[in-house]
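Two complexes, one shared chain (subunit A), two partners (subunit B, subunit C).
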Partner chain A sequence: MSKVTRRRFLRGVLNGGAVTVGLPLLNCFLNENGSALASGMPVPQRFGTWSWGLGMSEPVFVPKRTGRGFDLPEEIAALAPVQQHINLYTNFHVFRDDAPNLCHHSGWVVLRSGTAPMSRENRPGETLDVTIARKLGNATRFRSLSATATGDVRDSFSYEGGNSVNAPEWSPLRFYERLFGAGFQDPNAGSFTPDPKVMVRKSVLSAVREDAKALEKNLGAEDRARLDQYFTGLRDLERRFDLQLTRPEPREACVVVDPPPQLPAGLDADLVSRRHRMLGELMLMAVACDQTRVFNMFYASAFSATTRPGYDKPHHTATHEEAVDPALGYQPNTSWFTRRAMEEWAWFVEAMASFREGDGTLLDNTFVYATTDQSYAKIHAIEGIPMFSAGSAGGRVRTGLHLDGGGTPGCRLGLTAQRLMGVDIDSWGTKSNTTASEIGEILV
Partner chain B sequence: MRAVVALGAALCLVAARAAAEAPPGNTIGYVFTDLFWSVYQTDGAEECPQGFNDGPREQFAARFPAPEKLSVEETRLAMEAATWHPSGAPHDFAFHEIESTYAYGLDLDGESGPNDFRHPDGSPGIDNEIYRAVGCIIGFRGPDGVEYIFQSKAIKDEAYNRMMINLTGVDSLENDDSITVTVYRGRDELLTDATGEAIMPGGTQRVDRRWGESLIRHTRGRIEDGVLITEPIDGLVIPWQNLQVPSVQRIRGARFELRLGQDGAEGLLAGYADVDTFYYQLIRNDSTHHLANGQISAISLYKALRRLADAYPDPETGEHTAISTALDVRMTRVHIVDEADDGRDDPGGSAFPVSGR
Partner chain C sequence: MALALRAGQHSHRAGAQLKSALVLFTALLVGCNGGSESPVPEDPSAQRARLLTADQYRNSIAAVFGDDIADSVLSPMPPLSRTAGLRANGAAEVGLTSDQLSQIQRSAAAVAAKVVDPAHRDFLLPCRPADANAADAVCAERFLREAGRLLQRRPLADERLAALVDGAGRAAAQTDDFYTGLALALEAVLISPEFLFIADRSEPDPERPGARRLDGYALASRLSFFLWNGPPDDALLAAAASGELHSEEGLRLAVERMLASSRLEAGTRAFFDDMLAFDAFDSLAKDPMVYPRVTGATLAQAREQTLRTIVDHVLVRDLDYRDLFTTRRTFLSPALAVVYGLPVEPGWTPHEFSEDSPRIGLLTQVSYLAAHSHAVRSSPTQRGKALREEFLCQVVPDPPPNVDFSTLEENEHAKTARERLDAHNSNPACAGCHLVTDPMGLALEHFDGAGQYRATENGAEIDTAGELDGALYDGVEGLARALRNHPKLPGCLVNRVYAWGTGGPASPVHDRNTLAWLEDRFAAEGYRLRGLFEALATSPAFRTVRPAEEAVKLDHGPGPTAPARISEAQLALRDTGVTR
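Moving on to the complex of A and B:
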């Protein structure tokens, strides 16, 4: 083990900018327990979100039993293969206080930002993935990545501020090119050659920065503040250039896949599923290759227009127009759409669990936070809005549980997620969504 | 057990005394929190034995079995045109009216005729022809009809449609043979609990003197056994906002019958709705998408409204222009503040309360 490590180090020093190491990726890059990289760095923690649209049919979604080994009613029966990896949270509330109930908007905004929006254009604060990305995302090429299976670039539950939505990748081929095209450094490649163009750009950037710093002494306070803002941007660029000029740590699960085919536009459920899985595989490979440690996967939008072959109403329309079947006690076609969403959620979790990483899987080192926009979409209800999590965040989270929130704020899960990812906050949310109470039952 | 009974009796006595006492300044204000067309409904079998009415989607499918062979102009746009330029003339689609003898509402004309309903409590002479028209349309029925949901939601979400009543000269909330009732438009959000659903008493509402001046109405009323009964107001205009589209309803001969309480009031607002205003409010607020959600064929409904209209005949044509109706109304007590006494907002003037608490 030490021999392998030393060879890599020596070559790097001798060759300066161009390092060549002829080694395959082996478990020996990890420590004896497989719980840390051989360099002593812990296996990185990752955070992700997953989104589905239009809530649930409560009678066939919410399990009767809480705790471990909870029952899986028919609408979530597809989760059986991954039940041990997930937690289901029901009877948690989002509070809107004096804010209106904005259809298909208030629910997801509260769960992602902690604040009830006052208007449809209003996106208060920033979403928690952005907060977490500031913590986790500085050592990777992309601070965070987002992708949507809807094929619509407008579909995103991630924003930095009211006018700054993190646009998702919507085309598998475009996403592939962004991830594995120019700028990608394969962490498991036998050779590592820093891109000369990046070196030139960094050198130019450094010179510019030096010039700018020289100016600083002669500027007033306001201009110095502007210059500081400018430096912040430069530092971020430099950080990214540094990353591209540094040989990345090998990643066991990272395999550069072939480019995906181009998919037609459309929202047929089968097509959405294909797009979700193609984008999902790319996203998970980006995480496995340590291109990012924060990701957002979007299966369906709040106004989900996914269609079912042979049925004339898209998902959102069905939630409002379809009558509740008195015998079944729910809307059968609407439930069909939710079942498809649960199949995709199960696929995503299972896919994460299939990436080997040390003595565990990628999922073991990740915490995924899954939310929707309504509880009962037919009447735009948001009380009791369901949530999921997946993954054990490096063994710090218990999984396989169904938790009844007892009407407490749904923001408790967002707070728990942020603390797990190292965000140092006492509480999260505003007004009645404010909470300082983690969901302790899931913490080891 | 005896102690519990004694305590209960004492509380009832306290409540009765509170109702019998005059509110501070002999004034009390309430803000509308729920307002929707009153629909007496069972599971549908009693009042709609023919079933519920078809909406635009069903009528489109029946009218155009092969729409792909026709142009958009001949199909979708033709139906939109018929919606926006309605006609009272009969058409081919069956329309199911209410067949039950029961309805909520008031006896507006003091007569008991063959078209009148009977109140579920047995009172005859109930005038409510809007109910006859909309009662078998899913969108107007609770608990999840699209009109029912959105209208209740809109009052909580918007401030445009803020309406309130102020009662002055009140000696007792239990019995008072003469009080003044003023209808105002308010300017403020409702005071809610954390869920945003429950409206809490004790909030403050400022009178809208700028845009709401023309909506102010005065009438007289009396309180009998805790129920306010007002005299008719001719030309009550109610701001009505739904799905972010501002609109109004015009109710002629409008009167309230409300059970009054210390924290709120509940009952009926009844009168004669202007047919065209009712209809255009509906289609302005609801696109065909929302009408389809509630299986509301605007085209068919307009014909029914024209057919069933029962008041205020047009002097030239003799055709009735208004239709009897009743709306379920719930109100929560508020402190109503009129910011200026000269009819305009005046930052330099002295604010004074209109209602006490």
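Moving on to the complex of A and C:
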């Protein structure tokens, strides 16, 4: 993949839509060493997740060497341009104990929630992005944002609880309107006039709260719990109205771009890639404009149905039905799908690195946690499920490493991520997934 | 259920065991058949609070403010998990995240701004303010009282209305604009839980001491979301206010009027769109290299074709529901005519396939065939699985996780799907499930992954013979008739209609008598959908409720908790390891 410069990236933003922006931007807003905004506010920390489907072909995915300067076997060769920005974690396990092995489900649920699900509709606990968003998400317009390149609103690895899934944005145009339509305050706009309507909005919320209280008396226990969630939502709305009355800090890399075109539905790999990049660009611009500090990008679903032109089996079908090529030692078409996923992962990391913030980049102030649903999808294996991270979380994480987990819980990375983001926990996970052991090798 | 059958068992036996497990489970789901003489059961339905679905949100805005405003705003309601065969059932348990509520707030602001904009205000507001740049409590109250009543489906309490009028006044004063103030008050109505949740408010039932019935307004809402998939109109709210809905005659008249209303079509379409899992079309696409004639627009029209066929059959002609699976009548658009290989006529036109056509009933329409296929090829397994789950309310389980797929690997000699799938049948662990899905799907193999007819597959003859629960057939027409005459077909529809009407999954424990009685009524009236709608809408179960606490305790106790089980399988339906 060719180098994406920031200027080129911006030109490519949103399908070649014209971007009129002078670069370099707004250096005056940063202090001398670039670690803080001119106002003295520190550059915010961000947390993101990224997901791909159906694991890996181990013989051509797992590097032979660990540590720095690890080799890039052919299935992950696309990661070369971003190798210094990422870590690869292999031979970490997820444990289901007495829970069933729910194909394409148990793996991601454990890595995101720390607990093995008991059934397919069971979503235990909450996902770690939700936990982290409680910590990081209160100062921005959106507590967190999610987007899926599958175009299917049902694809999400983020939930607050069993029945409360954070629905992803699936249409670039819709996402654009949500981000930059009504309610967007350009942090770099010269003037700031608080909208008088916001004050009134805030005051009418108390009347709405009275409605909810009246309704509560008529409900059973489960419905009351849902109404409690509604109250939480109202408090959150109130906080967000307060934010709208506050002048936003200028953001160097924030550029309001043109709206993207509509994309057709479909899961052809090229189309998915296009959708991923359009949504990814919008997502990162939302982060750069400090509209959110927590984000979930979803490249492919657990049962990834991405198709390859000229090949009659979608990705998931191929993992099960394609024979292992005896000469190659892996399933060639299945591997093709994983390679496409790695190209997209590399693109996403590189895109983050193209946003300048102070003397570093957006990527430097972010920690991204990337997971999948199986290790070897052909047999629904979850042992040795591979993971990545990207970014150095403000210089606190070493990158460019390949780590061998030695069969320890994969939840260690989730624990590490949460502590990095300021979540005060001693351990994370349940049963055999419980861990109090961070992945110390990556910590500075 | 021990369905992950181990290798080593004889495949035929494995299939038979699985089938009996399936049938037993279905009996639990659909309820036992009571005697036709049975009296009308008086078991109450579950009391719930369900969130408006995306469609219901849209329809509510449209009913009060018109289609143009409804269509200018994206519905902010969360996606729902398909539960017990219906997405709408998910509305009874879905949570409202903070993120979703902020989206609802944004949509509320957009709707309110439109309602008061210069293009709409004179039409949608009952009055003009004395001064457009100042508060006007009288005009604001007139508007908010009526809009609040229609949106929240019951009159606003006095103190609530006063608070809104006061809010509108303060906002008007702050912004020097009456309309801005009014819009902000309307926003509050649109994010109120009274609007967003359809809550089954209840009161003591004077006819049955100790029991509870829906209050008049809650009954009006239940009726209108059942039959119209939208909010009650003015007349229905008036019937609720006067107490008419609590009298047998008043209820009968209201239901009669609703069944005669043109809004019944919207409700019926929404129900079948949900039951047939047509939400799949929102993200369905076919590989353009393999199926160049089947674009996204064609697929959208295929969905419409089936809905038109159903509306014509069950509403316009008022025919036997079961005959939907054997009818030759349908409607075609120009793009669909190409896919069906027929002469093109402009617009949507009625069409009747000839008696010797392979197109017979819903199973042979492009919507069903394409939705249950891969992007690049057909899938007998998906088609068979959908047939069992959508029309017979049966559950086809996930494949076992440790399944050995090696027999399925590329077989250069396999030309047809049947040959490829034979691999399953030689492996007992696979055969168990595939024997209950594949024979139905294989009968549809003359239709490719986009629903187009093909005489052969890769130059080989296509063998479409098979069996559906004891009914043998040698082709698609036989399958259509076997499904049409399947004893579980009517009961499954009754189960789904009951859930749709009462706002959540039917309980195999509490609702069994009602379901059995409805099934008898359905049969006695010649399987007419209108008759079923009327029977449910006027039944004691529909207007009386069992308090939620009780329902929670009993339904989640030990024993077969059908809703959870079903939803598990239904979620799995999307794309399980049953891949062909």
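To be clear about the criterion, the second predicted complex is superposed on the first by the 386 of 444 C-alpha atoms of A that agree within 3 Å, B and C clash if a C-alpha of one lies under 4 Å from a C-alpha of the other, contacts with A are read in each partner's own complex, and residues count from 1 in each chain.
By our rule, a residue touches a chain if its C-beta (ideal position, glycine included) is under 8 Å from a C-beta of that chain, and two chains touch if they have at least 3 such contacts.
Not measured: the values here are computed from a predicted model.
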item	value
A:H402 touches, of subunit B and subunit C: first, second, both or neither?	neither
First (subunit B), second (subunit C), both or neither touched by A:L267	second
First (subunit B), second (subunit C), both or neither touched by A:F303	second
Partner chain(s) touched by A:N101 [first = subunit B, second = subunit C, both, neither]	both
Partner chain(s) touched by A:S432 [first = subunit B, second = subunit C, both, neither]	first
Which of subunit B and subunit C A:I379 touches, first, second, both or neither	both
First, second, both or neither for A:H315, with subunit B first and subunit C second	neither
Which of subunit B and subunit C A:T150 touches, first, second, both or neither	second
Subunit B versus subunit C as contact partner of A:A167, first or second or both or neither	second
Common interface residues of subunit A - those touching subunit B in one complex and subunit C in the other	100-102, 312, 317, 320-321, 323, 378-380
For the subunit C and subunit A complex, residues of the former touching the latter	47-49, 74, 78-79, 81, 83, 90, 93-103, 105-106, 109-110, 157, 160, 163-164, 167, 170-171, 174-175, 180-181, 184-185, 187-188, 191-194, 197, 199, 201-202, 282-285, 287-290, 296, 374-377, 398-399, 401-403, 405-406, 408-410, 547-549, 551-552, 564, 567-568, 571-572, 574-577, 579-580
Subunit B residues within the subunit A interface of the complex	57, 138, 143-144, 146, 149, 153, 156-158, 189-192, 194-196, 289, 292-293, 295
Of all residues in subunit A, those that touch subunit C in their complex	100-103, 119-121, 142-144, 150-154, 160-167, 170, 174, 178, 182-183, 196-197, 199-201, 203-205, 207-208, 210-212, 214-215, 218-223, 226-227, 229-230, 232-234, 236-237, 240, 264-268, 303, 305, 307, 309-314, 316-317, 320-323, 378-380
Residue ranges of subunit A touching subunit B (in the complex, touch as defined)	93, 95-102, 116, 312, 317, 320-321, 323-324, 378-380, 383, 431-432
